[in-house]
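Next up, some structures in structure tokens.
Each of the two complexes below includes subunit A, the first together with subunit B, the second together with subunit C.
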Partner chain A sequence: MSEEQTLELLIGPQHPGSGHMRLVAEMDGDVILNFEPNIGYVHRAVEKIAETKTYVQIIPLVERTSLPDTANHNLGYVLALERLLGIDAPLRAQYLRILLAEINRIHSHLYGMGIHGNMIGSTTMLMWAFGDREPFIELAQRLTGARLSYSYIIPGGVRRDLPQDFRNDALKALSYMERRLKDYDRIFVHNPVTLARLKGVGVINRIDAARIGVVGPNLRASGIAYDVRKIEPYCIYPDLDFEVVVRDEGDAHARLLVRIGEIEQSISMIRQILGKIPDGSILADRYLDLVPSRTRFEKRSSVKFPALFSGLKPSKGEAVSRVEASRGELFHYLVSDGSTHPYRFRIVTPSFKNLIAFKHALLGQKLADIPAVYGSLDYFPPEADR
Partner chain B sequence: MTRVLLTKQNGLSITVDASKILETAHLLKNLKFDHVISVTATDYPEENRIDVIYHVSSFEDLELAKTILEIRTTVSRQEPNIHTLVAVWPSIEFLERETTDLMGINFGGREAMARLLLPEDFEGEPPLRKSYTIRTEGIDA
Partner chain C sequence: MFDAVIRRLSRALARQKILSSLKDWGTSFSLWPVHFTTACCGSEFAASFCPRYDAERYGFLPFVGTRQCNVLFIEGTVTKKMAEAAKIVYEQMPEPKFVFAMGACAIDGGIFWNSYNIVRPHEILPVDVYIPGCPPRPEAILKSLTMEQEKIRKKVTPHPEN
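Presenting the complex of A and B:
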């Protein structure tokens, strides 16, 4: 097709909806012929910076890649580090880790749904979802002391024990969320406008989804039951009863429904955790013995970093970890040369893997479908750029 | 294929010559390793080499998905050339482009692509190489 007939349309880099990226669309009328995402506007060189930081300093650093989903990023990194160190966290700490990871998954999915709603003109969904994140952010704050950047999971355990009467407040928040999901369903999820905007739009079929390697809810909405929590279960996932939410349609609406299904599963998982969390220590004995006053530590139920952590030296070697973060499979790869800094640190985030979906899901769609598809992918630019 | 190793975490690691990478990828694709999780390049300036490490797995075969397969290969720092795998695994597209930007690896056999993460007019040492020095601001400058 000659240049006169097509139009190159530049969208962004200033917030084409959420976050900083540029989209270059080749248009024939209002039909998209070619679509090329252009990223890097929020690249912070996390991998390079990590080479200059001690292992413990990298915990807050990896959280900055994805502020809506810090617990899972924190967990993925610490699992890789623990494999290098050859240490395991005690069972109670494993429960607390997954408790926080699932609380985080709920408020991260709400974040994505709110933005998605806003992108297709439902301000109500934005306000509701962001309002309903609060009880969960509040729970996370009770547990960790921070609203978003928890740095809660440390090598060998977690920083704090479960606060008193956390359980009751958590159960209240979970029942509240269950009621709210019914409201969402009525007002947004099966609203005729939402259905018209999302059904059959931005379809990624099963074969393409595997071929282009999308991850997380976007993959499961295309009919592939791949969830790291089942495929390579870590921490206490083998002890929890939950289902992998899968849909076959592969369209923008299916991706929304998978996220809602996952919120329901997370609610059930948190109930199970609160019901059967065992007593015990929250830090591995190997490190606990190094905490200055063991008795004071046990009364306070929180960990002051043992001095050893600042000079943590894993033995020479390599370790990989993968976890199911809210947006999909998160991969960490650490190379240690036996010093206090990693020789090489590699993160592949789910948003970076999902970037390729823009190139495929939007072909042949209308210009006006871009926000509907963009929002459905729950793409978070800082997480992709790292 | 020069070496096959079982890694500590029940993963499998294959070391191949850089010239054999395309062949190896085809072989693994036929064994249902259908997507690439990660491409990592690690710079070893003293030994004048860059290791290129691919981590691949499967979505179609969920038994196979339990394994992360590692493919290791080495290129020289002066001529960091290796064949692209984008025709075998389309999921590698942005991973290769990122590695070109940040580590200066040339993935031959594919059309030249615009920069992905770095500014389009970026020139000089690829920033993830060990020889790239970070300019400091403030009192050190």
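Presenting the complex of A and C:
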């Protein structure tokens, strides 16, 4: 096709359908011939800055890569660091970690669904999802003290114990969410308009999804039951009873349904965690002995950082961790040269792996499908650009 | 000739105290931020428009086109690549226009202060209000709104012609 007949369309970065990136679409009339996401608008050099910071200072830094999904990023980094240090968190701390990670997964999926709803014109879904996200943010805030940037998980344990009335409030929020999911079903998920916009749009088939390396809910919507929580279980996931939600269609609507299924699974997981969380300390004994007054710590049930944390010196070596963040598999690689700063720190984020799905999912689609597919991939640019 | 007279007359009228304070009162309740997300603070920015915090009750409505908006919200870090876009967006907006810098990154880099790829917003744009926090809570965003409304009504803005 000659140059004159096609049109190169630049969408973003100032555009409601683009987020923090520029989408370059080569159009023939209304059909997308070629699609090139232009990323790098939010590249803030997290990996390079990490080399100048001490190991504990990196915890808030890795969280900033993905603000709606901080707990999983925090957990992934701390798991890598613990492997480097050769310590394990006590069982109660591990339960608390997964409790926060699953609460975060629920509100992160709601965030994605809300944005998706807004992109295809259902403002009700945006308002409902963001409103229903607040109870879970509130729960996380009770537990950690912050709305989004928790920095809750530290090497050897967690920062705070469960608040006293947390269990009842959490159960209330969970049953509220279950009720609301039925409402979503009526107003958005199986709404005729949504079906018309999403069914059969942006299909990534099973073989393509495996070949290009899509991860997370987007991969599971293409019929591949790949979940790090099952394949390489970390913390207490082996003790929890949950299913990997899989759909076979591979289209935008299947990706939405997988997210909803995962919210249901997270709800059941939080119930299990609250039911069988064991008693015990929340910080490894090796560090607990260094906390100034052990008795005071047990009364207040929150951890003041031992001074040792500012100068953590892992032995020479390298460590890797894989966790299932809410957008997919998250990979952390940490190299230590025996000093207080890491020698090299590498993150492979789920959004970065999902980026390539744009090119495959949008070929041959119409222009108006761009927001529908963009929203369904739940892509978060700062996470991809790091 | 006739147009020029009308224009001069209307400008002179707009400078009158009653009319200009009426205009400022109207402006203060119609601050429309353009949809321009620069970094991760956007997730808290979005939360402040949604049911729990509902910034729309202050007349603060996020809108899509630069030509219809008068507020540029810098949400967190501005990278070098984003700074060019931010400048273009700001130049496209009609007067009077206001810039909010949200988050520690937008003040002086925050956690990314020694990154090689960031720009301080005050180097490229005239910032009206800084909102500290990493990320700022939605309450802080609402507070910044009421502060800016106050500033507009009292005419303490960096744009003297308004």
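Following the convention adopted for this analysis, the second predicted complex is superposed on the first by the 383 of 386 C-alpha atoms of A that agree within 3 Å, B and C clash if a C-alpha of one lies under 4 Å from a C-alpha of the other, contacts with A are read in each partner's own complex, and residues count from 1 in each chain.
To be clear about the criterion, a residue touches a chain if its C-beta (ideal position, glycine included) is under 8 Å from a C-beta of that chain, and two chains touch if they have at least 3 such contacts.
What you see is a predicted model; the values in this text were computed from it and never measured.
If you put the two complexes together on subunit A, you find that subunit B and subunit C both fit without a clash. In the overlay built on the shared chain, the residue A:His43 is in contact with subunit B and with subunit C.
Of the two partner chains placed by the overlay, neither subunit B nor subunit C lies in contact with A:Val373. When the two structures are aligned on the shared chain, A:Ala170 is found in touch with neither subunit B nor subunit C.
In the superposed model, A:Ile212 makes contact with subunit B only, not with subunit C. When the two structures are aligned on the shared chain, A:Leu256 is found in touch with neither subunit B nor subunit C.
Of the two partner chains placed around the shared chain by superposition, subunit B is the only one that A:Glu232 touches, whereas subunit C remains out of contact. Using C-alpha centres, the superposed arrangement gives subunit A a vertex angle toward subunit B and subunit C of 100 degrees, stated as a multiple of 10. In the overlay built on the shared chain, the residue A:Arg64 is in contact with subunit C alone; subunit B does not reach it. Judged by the touch definition given at the top, the superposed model places A:Leu148 against subunit C, while subunit B stays out of reach. For the overlaid pair of complexes, the smallest distance between C-alpha atoms of subunit B and those of subunit C rounds to 6 Å. Shared contact residues of subunit A, touching subunit B in one structure and subunit C in the other: 40, 43, 45, 48, 52.
Within the complex, the subunit A residues that touch subunit C are 13-16, 19-20, 40-45, 48-49, 52, 60-61, 64-68, 111, 114-115, 126-127, 130-131, 133-134, 137, 147-149, 382.
Those residues of subunit C that touch subunit A in the complex are listed here as 34-44, 46-47, 50-52, 64, 66, 77, 79, 81-82, 85, 88-89, 111-112, 114-118, 134-135, 137.
Those residues of subunit A whose C-beta lies close enough to touch subunit B in the complex are 38-40, 43, 45, 47-48, 52, 83, 209-213, 219, 224-226, 231-232, 317, 319-320, 322, 329, 331, 333, 335, 343-344, 346, 348, 352-353, 355-356, 385.
For subunit B in complex with subunit A, the touching residues are 8-9, 11, 34-38, 40, 42-43, 53, 55, 59-60, 62, 65-66, 68, 70, 89-95, 98, 102, 114-119, 127-128, 132, 134.
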